[in-house]
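Here come two complexes built around subunit A, the first alongside subunit B, the second alongside subunit C.
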Partner chain A sequence: MTVADIIKALPLTVIAAAGELSKPVEGGYVSDLLSNVMGFAKANSVWITMQGHQNVVAVASLANLSAVIIAGGASPEADAVKKAEAEGVVLLATDLPAFEVAGQLYGLGVRGL
Partner chain B sequence: MSEQGLVLEFPLQGANFESAGEASSKIKRVLQQIGVRADIIRRVAIGSYEAEMNVIIHAYRGVIKAAIYPDRTEIAVEDEGPGIADIQLAMREGYSTAPDYIREMGFGAGMGLPNMTRCSDEFDIQSTVGVGTNIRMIFQHS
Partner chain C sequence: MIRCFVADLHVHSVLSPCAAVEMTPRNIVWHAAEHGVDIIAVTDHNAGDNVRAVLEAAKGTPVTVLPGMEVETKEEIHVVALFDKMRSFQEWEKVVEDHRSGRLNDADKFGAQFVVDAEDNLVRVKEEMLLAALTLGLEELCDRVEALGGLCIASHVDRPAYSILYKLGFIPSGLKLAAAEISPLIKKEDALRRFPALAKIPIVASSDAHTMDDFIGGPKTCFHMEQATLPEIRQALYSENRREVVL
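Here is the complex of A and B:
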């Protein structure tokens, strides 16, 4: 599965790095704590969070995550979008709450273990 | 015989969240250019980011150094800051002294030091209250 596949299936808006949608999705992780993501999210996972600031982009880039989904209608900050474009980090946004995003991804076969 | 290593050095400024992670990103990029294994690079990136963030969250200023050798990468972070009174307590998962405004950004989970020990092959921390903290991590390339 790729990031493009999950965009087709869920109501997600591409906010940054539209050219990187062929990245593989091998798992999912939900957390708003950055070090928790750093320590436990596996490489090539999609990360669901309500944090929209630019440090999210640094974490996603350094931990080799395939995309960040900013859930619950939270809006990514402008400098986060700029940084994500520069680093090739896919930022997606949705009005769906985090639980619903995780549930729908699970339904597609994305796992958290 | 002296070892041939590539040394990168970046200054860090306390409370500068705008450029947080940039030093770690640069270190990661150099490791990619050298052709170090992706899973090892990821571990170095996680360790250096956590150490870098600790300086930005807790210290006044510091410096992060990466020494890249054929068989390993060493990360050393030295800061001028408040230091850590009880290292054992600080190493405990979930323990943090980060202020609320930083926690609201998702920092201060009390996972930084545990993550550094988990992702590195060797980890050493020295701290003096009122002076600062030094962290050293070694990552073997194979």
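Here is the complex of A and C:
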């Protein structure tokens, strides 16, 4: 499965790095604590969060994540979008709450373990 | 005699990975003196390696420098911790060292962290990742700062990223928080309207400068008091002994 596949299935808007949608999705992770994501998220996972600041992009890049889904209608900050474009980190946004996003991804076969 | 001391209690130096390279000790002190800023606190993320250099750079100038640090709690809330003595600040640095994640900074992702001297020369690069949560919770962190004679100010409470009001949604009762800082993005009246929790706590405005333009143009707070010391600032925050805070 790729990032493009989950965009087809879920109501997600591409906010940054639209050229990187062929990245593989091998798992999912939900957390709003960056330190926790740095410690535990596996590479090639999609990360669901409510945080929209630029350090989210740094952490996603560091952890080699395939995409960040900013859920619950939260809006990414302008400098975060700029940094994501520069670093090729896919930022997606949705009005769906985080629980619902995770549930729908699970339904597609994405797992958290 | 009581007079207004213009203070900026939240300024980043080149040690902070997100700060611009012009934020060096001499340059910060020079601009403070040039723009009539009486008191500055240099508050880098989770480290104080440049504080001594800024104190030294300010010797012989009218600028008072308070040792400070912007710490990130376990909850990923940013708090400015201020001290008035290097001895207590050094104790605080030890506490912080014991509670870092152990990760190393990736300068390409987060930015570079420079330790410099009072002449703005590069001394070394700080290896530890500073822009990350400590393993200390908010309450314990503020308790320990207070126990060392310091005071805690919640950073940029009106902003979504790393602020107490967005992370917790309220200010816990009994928390040893001396004040809440509003960011350059909002005026005090608007902050009070949007965040009713702020009615119960003194408010200060600081630049949270990461560039010299931020510092020059950013908000400052006027402390009406007799001397540029932390105990006087504490009295002004609580309107004691005719001291007061004017935004």
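Throughout what follows, the second predicted complex is superposed on the first by the 113 of 113 C-alpha atoms of A that agree within 3 Å, B and C clash if a C-alpha of one lies under 4 Å from a C-alpha of the other, contacts with A are read in each partner's own complex, and residues count from 1 in each chain.
To be clear about the criterion, contacts are C-beta pairs under 8 Å (C-beta built on N, C-alpha and C of every residue); 3 or more make two chains touch, one makes a residue touch a chain.
Bear in mind that the values here come from a model prediction, so they are computed numbers and not experimental data.
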Put the two structures on top of each other at subunit A: do subunit B and subunit C fit, or clash?
clash
May I ask you to name which of subunit B and subunit C touches more residues of subunit A?
B
Which of the two partners, first being subunit B and second being subunit C, lies in contact with A:111: first, second, both, or neither?
neither
Looking at the overlay, does A:64 come into contact with subunit B only (first), subunit C only (second), both, or neither?
first
I'd like to know which partner A:38 touches here: subunit B for first, subunit C for second, both or neither.
both
Once the shared chain is lined up, is A:82 touching subunit B (first), subunit C (second), both, or neither of them?
neither
One more residue to check, A:52. First (subunit B), second (subunit C), both or neither?
second
For subunit C, which of the listed stretches 127-135, 181-189, 199-207 or 235-243 runs into subunit B?
127-135
Under the contact definition given at the top, report the residues of subunit A touching subunit B in one complex and subunit C in the other.
33-35, 38-39, 51, 53, 55, 58, 61-62, 87
For the complex, which residues does subunit C have touching subunit A?
75-76, 101, 103, 106, 109-110, 131-133, 160-162
Could you pull out which subunit B residues touch subunit A in their complex?
17-18, 20-22, 24-25, 28, 38-39, 42, 45-46, 49-50, 53, 105-107, 109-112, 114-115, 118-119
Which residues of subunit A touch subunit C in their complex?
33-35, 38-39, 51-53, 55, 58, 61-62, 74, 77, 87
Which positions of subunit A touch subunit B when the two form their complex?
32-36, 38-39, 43, 49, 51, 53-56, 58-59, 61-64, 79, 87
